[in-house]
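Written below as structure tokens is the structure these notes are about.
First chain written, first letter: the chains are A, B, C, D and E, and each begins at residue 1.
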Amino acid sequence: MDLDSALWPKGVQRCTFPKFMIGITVVSVVLVWGVYAALLCWFKGLNQTNMNDYYGFALWIWADLAVIALGGGAFFTGFLRYLVKKDELKHIINYAVLIGFICYSSAQLILGIDVGQPLRGWFIFWHANVHSMLTEVAFCLSCYFVVLCIEYIPLILENRQLDKVPFFHHLGHNMHGIMAIFAATGAFLSCFHQGSLGGVSGVLFGRPFGFREGVFIWPWTFFLFTWSAAACGPCFTILVTKLTEAISKKQLVKPNVVDLLAKISGWMLFTYIIAKTVDTWYWAFVTVPSKGFNWAFFYSNNDFYGTWILWLEIVICGYIPALLLITKKTRQTNSTLWIAIILASIGVCVNRWALVLQVMAPPVMPFDTWALYIPSWQEVATTILPVAYGVMLIMISFRYLPIFPQERELNPITN
Amino acid sequence: MSASDDKLQEGATDSAINAVSRNHEKNEQADNAGGIVILFFIIGLAASMIVGWIVFPKLLYSQKDQPISFSHAIHNLEVEDGCESCHFFREDGTFSGVPKLEQCIDCHEEVQGESADEAYFVEEYVNKGREVPWLIYSRQPDCVFFSHAAHVKKGEMECNTCHGPIEDSDNLKPYQENRLTGVSRDIWGYNIGGFKKNIWDRMKMDDCAECHKKSLGVKDACFVCHK
Amino acid sequence: MFPFSFEWAWDMSHIVFMGGLWYALSIIGAGLTYCIIKAAVDTLKGDAGTGDHH
Amino acid sequence: MKNNHNNGKAKKFGMVIDLDKCTGCGSCMVACMSENNVPFKADETDKRLSITWMLVYKLNNGKSHPDYDECYLPRPCMQCEGDHGHSPCVSVCPAVATDYSHETGIVSQIYTRCFGCRYCMAACPYHARYFNWWDPAWPADMEKYLSPNVSPRMRGIVEKCGFCFHRYQLAMDKAYYEGRDELEEGEYQTSCTQACPAGAIVFGDLNNPKHAVHKIALPDSKHGGRPKNPNAFRLLERLGTNPKVYYLSSRKWVRDSGDNYRPDEK
Amino acid sequence: MKIDRRSFLALSIGSTAGIHLTPLPWKLMDDMSIWTQNWPWTPVPQDGAASYVNSVCGLCTAGCGIRVRKIENRAVKIEGLPGHPVNDGRICSLGLSGLQLLYGGTRVKTPLKRIGERGAGQWQKISWKQVIDEISKKLSEQRKSGNPQTLGAICNSDRGTTSHLLNRFLTVYGSPNFLRTPSVQSSYEIATTIMNGSSGTVGFDLENSDYILSFGSGLLDGWVSPVRMIRAHSIWKDKKARVVQIEPRLSHTAAKADQWIAIKPGTNAALALGIAHVIIKEKLYDKNFVEKYGFGFEEWKDEKGQTHKGFKQSVLENYTPANVAEITGIDVAAIISVAKDFAKSAKPVALCGSGDGGAPVNLNEMMAVHALNALKGAINNKGGLQIVPNPDYILWPESEMDKTASKGIQTERVDGAGGKKYAQARSLLNRLPEVINASSESPLQTLLVYNANPIYTMADSVAVKEAFSKIPLIVSFSPYMDETASYSDYILPNHTYLERYEDSATPYGSVQQLISLARPVVDPLFNTKQTGDVIISLAKAMGGHIAKAFPWKNYRACLEKTLGDKWKTLAEHGYIVAKKDKAPDTASAKFDFAAQAVNTDSKNDAVAPADFKPADLDGDVTAFPLVLIPYDTMRLASGFVGTPPFVIKTVGDYILKENDSCVDINPQTAAKLGLTEGNKVILTTPKNKASVRVHLSEGILPGLIALPRGLGHSAYDKFLAGKGVNFNALYAPMTDPVSGLDMTWGVRAKISKA
């Protein structure tokens, strides 16, 4: 028996406590580095970054958009589990929620560093401008984060020791009981903030690269973002699950569960990427020409952005994983599944990159020049900070919380 | 988590369970216990009410007396043009605010009357040519642009609409300054709850907005009042 | 955010946007309150927690 | 409405900058800095970190010697109205720290409201918005020259040109004091207009046919303010920003530099 | 009653609930909000009554009227003075930033005495009384040695009462060595002396010209009177006057000109003569003017009866467009068309003196260009050059001289100006380092420096410093810790121009005769003194006839007395326009094409205007294949005033990047050298080397590189010091054989990758 085995979920085996602590320490070092960088940004100001007046939105906003897209697994899996009633998914929903929780808390942390006057950050709520996409993002994001907390709390309460407290036990039980309501609210909120994030650059009619025509009151990137998050978020959930399995060297979720989620993701991704192709085509041949640009302008005359980014995003990280996932054989082959989920996760990040950083890069005034940007170490550190924090939270949660309901069954303790 | 923590948790859980079971066992004590709980609740409530309503404002504001005593009432009788005799508009339309020594000297070159305060004023300030370091009750933070001309000249408002019946006061109240923000208490108002009876009780943005909305029927652009 | 904040206007955008927001918030709030109260009641009832979560 | 405030129709302050006359001397930039308490730091050579509400760009025709030619183009904030009534920056600000004044047509920036999200900077195609990456500092006794009419900005917020709006306020104060509601054309002029040694900047009310700006640029209100003067143009009109700064140039390549054109349009 | 856990719980719930029923959390929230919107460390400028003070700008010699906005006793903004004849309400970037100099960190706050090594920056504060005592004692001793001419003074101008006081002090002390900082005006003065026989200065009636042929004059780059020139440019645009700019680099002036003629540097004189050739050949010149006023246009005889070729013949023989095209690299057709355009214009004018006019121009070019004006009668006529008499309002009684003084004042000037070799020159500061370095003991033992920063502005900084190190006593009157002040023994800080009274007369280049009065805009911030007062005090401390020569109580009294009945008007308006209709002295009503004053001695017309000799640049062509030329910009001050932070901020990143100056280079040349935009390179000249960056520009001729003037300060604060390279440090002056002035227009150079 290990030092902390009383806290482990019932009937599972975990690594030794010292080994666990070594892991935690390693991650803590990265975490402390990130916290140091964050403190520098808070106390010395954003001059610590390599952002400038051309790159007011940079690495951090990309990281925000990316983690929220990747965290999209939580809302979409929740939506499938509670509203579409895909019951199998209950075996992975916990982990999806945890990943979502990590992603969303990270996003809020990054936003807290990113704004110039963090102590006035609450103005976005108090003095909200309801026409701003960012307001919509802030509201839905924080509300959905509350929902994620609500979804994560019962999981914490299921800890073997906490569960012994009757109040906690009942609270957890009751929350589970009405989880469908929370999940539905979450899905509603999530749709909106994923969409608003898509609107962030879509409404910028001064920035032809980001600007998209409107559907209702939103530019259509609004819908594309929700769609892509629903498609790629679950892929990321599967990716992290498989990574966890690889690291813990045991199967945690039955293949049929993964397969179901992968299949749904595949079809989402496939339909999304077609929509994205149409969007790109319309943008390239209708939207930007009307502003006086050739689409190729945005992919030439600079040291970084070329058409490769389109190929990467749409073909390599779009069609390929989509096809791999909707094809039964490749979906059920471990290696191609790995490739597909990795590509899909990269794809959504590339998309967010393009719609944040590439929007800032090309000159809009004809006499201006391309602006490229390389983040400072402080920016990199604060962006890695949430990764370290996420790894740590997963380590702790996995060790002490019954995240994978099938783990006991799949890994019976023999001795 | 260490083993000792582990034990603690076990212990705590046990006692919680114990407490629950104790309650079940000693049902007759329940009323009594409930009474105590309510009592403590009320004590907490009352104490925090006292802190919040009485102690807090005393801590929040520092208090200073004006450098010399001054009666608006007396001056108001002596001057011809009411407030604008001393608080006048400059030729460029800006408002002079609190008078400079220069204006005071017009009448106070020599000691007037027999009051000791007057003698002190003449000796300390007039004779030495030092400006009186008046503490200004109605000074807004730097972000505020306020045009007296727009209100008094264009809007034909009376001074006391916003400043209250100060012309009748015999002395100057102590100046209170918010320790956190450095802003005069008159801006938030003397009621710590922020309630006002008269227009002049508060000078917060909402108070400006209220009147603007009423009299102009529109919410102005931000920089009409901000700089 | 609140009708008494300076920017508030009783126009369509505010009603739709804030309506949606407050609607979501009240569901979350009501749900949470329900769970907490029910858990407290269950605890007092002495239902010592045999039920399974799933 | 504001009209009862004003006894007249809404104003639309705008600028006409004659690029034939502009010599690129930089007076407008310094006039702006010294009027508006703009901070400075030891190294200002990274122009993307340098706060210049008014910025003179150097344009060239992209040709080789001897056909090579240059032109200077001062760029204040364009005070966009937007073709459909919203400026690129105003609608995106999540905290209403910037708004469009329908009374004057000027886009404001409220420093105490701004919390530094920089969305407006991403929205502005003219790069007219600047972020305070550093705390401002005025060494030696330089704080003494700060004007009380403009608030010094703190670190972490966005600032921009507001057509010296405080000068409008001061002019209105004087007018009210003298019992007037309307300003003469010369009473409200921006600091750059006043300083420009070439007299290349003309400022006034675009809605007022008596004002020079209206006469020179001939803004066509039926077509989103597009100029009728053949030498006049605005920057990036095609984006639908509907700016209030007009430029004049007798050189075609300069006028063509004001907007983007596809190769097949040229 | 048992107090258990539940009681505590109840207590805390009660107080939590309670506190929310009080204003505390809400009020604190509001206060925190206010606090975060008005951080205590962000300055809040004090409000108060606004007022305006009219004065005159002292940052260059143009003399623009300024109007300073004040809030109570703080100066908050400098604006142009509406109605002022020079700038009419307009103002340049330097003038706008004057308050940064006033309130900035480069001020010398009290008299200082050096205690460490020269230039080491170790100073001792000293009282005014003591410093005057010490210096007057030293001067008295020096004078007793019988060589009063070893006292010298450097000053940017010889106009205005302060300069006159300084000059008078030197005179009664017994020294002729009053040295003036040279500029293009020095060249114009010599040219008018030689060709017009007038000692007046040249005014440019450019507002009325309709064709401006500029031989490299940076009319829009700070030339002579920057704001006035830019205003004139707008007038030209309005009335469609034509501007032709001749220079190897596309300056702002060239970019705004109707025609830019890229010429090989140093060949302006040849082009001017080529144009003259066309005009004469086509008989397009103003015969009336040439016949009535001209001398030496045709063949002429000197006093000895020797016959000389006329200007006409020389030009026709030697400067055919084809010849000139070869020398200058300009098309024959372009030369002919420019000549015709010029000649056919009603009111054309030709100008020379490159860049901002801070540097003199070689006499040859000056005379050739001046001759062009004469050919079109553009002298003392509307739209042309006007010979403006020197200001004459300073009328002090002749000072009493003692024996030492009379003897000393008769000695030859240390710079040779007015002597045998450089008879026409009034002052040749550029020769000073050479003269000092050539002698074992410095001919100047004491040097007073007023409104000048020679260590920065003079050519070959190394030689200048060497020469200065040989002068035992250097006294600076600078209000700022500039290069020269840092290298002096005493600093007697003047008030800045915003803290003092000072008159200034007819700005250079002005057609109107103007007297302006600067007056204190704010009370002096520090323990500084008007230099006029200091000179009067020094004189009084020296006693005897020197004290007697300064009968005024103080500078203010002197100024009021001097200005007499003008004082009142000046004090009210800030300036007076003397009679507009100039009365040119009769002597200037002639034009000597033969330049007899400098040609009589020579047999072969060597320096006649009709002659062009390519200058031999220092250094070997193979070792230094490129030619480095300096350029000026309105966004950098290259004179005795350091560029303030606001103005430095406007400097493009293609001129200054981080702490490196950028050199303009044609992409062709760069490609040959394997250089691309932004490369760091070492720039080497025969004199010095420096690290710079490359800026590719189609606006410069191949084979040339151009470096901005005004950077490379070692003094001042972090907003200026250490930024870029000082062009003056990279070349040795070329002395014009006739005028004695520096005629450098470029220097051989090479660049290699760093």
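Simple rule for what comes next: a residue touches a chain if its C-beta (ideal position, glycine included) is under 8 Å from a C-beta of that chain, and two chains touch if they have at least 3 such contacts.
Nothing here was measured: the structure is a model prediction, and the numbers come from that model.
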| item | value |
| --- | --- |
| Any chain that touches chain E and chain D | A, B |
| A-D or A-C, whichever has more C-beta pairs in contact | A-D |
| Relative to chain C, chain with the most remote C-alpha centre | E |
| By mean Cα position, the chain sitting nearest the middle | D |
| Distance from the mean Cα position of chain C to that of chain A, given in whole angstrom | 25 |
| Approximate Å spacing (C-alpha centroids) for the pair chain A, chain B | 47 |
| Interchain centroid distance [CA atoms averaged], chain B/chain C, Å | 36 |
| Rounded Å distance, chain A centre to chain E centre (Cα mean) | 63 |
| Residues within chain D bordering two or more other chains | 46, 60, 96-97, 112-113, 135, 151-152, 154 |
| Shared-contact residues (touching 2 or more other chains) in chain E | 32, 37-38, 44-45, 47 |
| Multi-chain contact sites of chain B, meaning residues that touch two or more partners | 20, 92, 94, 141-143 |
| Residue numbers on chain E that touch chain D, as the complex places them | 37-39, 41-48, 69, 71, 74-80, 87, 89-93, 96-97, 99-100, 102-105, 107, 220, 226-227, 230-231, 233-234, 237, 250, 252-253, 255-256, 260, 262, 525, 634-635, 645-654, 656-659, 666-667, 698-699, 701, 717-719 |
| Residues of chain D touching chain E in the complex | 18, 20-21, 23-27, 29-31, 33-35, 37, 40, 42-47, 50, 52, 56, 58, 60, 63-66, 68-72, 112-113, 135-136, 138-148, 151-154, 191, 194-200 |
| Chain E contact footprint on chain B (complex, rising order) | 19, 33, 36-49, 51-53, 56, 60, 90, 92, 94, 96-97, 141-143, 178, 180-183, 188, 192-194 |
| Contact set on chain B toward chain C in their complex | 20, 24, 205-206, 209, 219 |
| Parts of chain B lying in touch with chain D, wherever the complex brings them together | 89, 91-94, 141-143, 145, 147-150, 153-154, 216-218, 220-224, 226-227 |
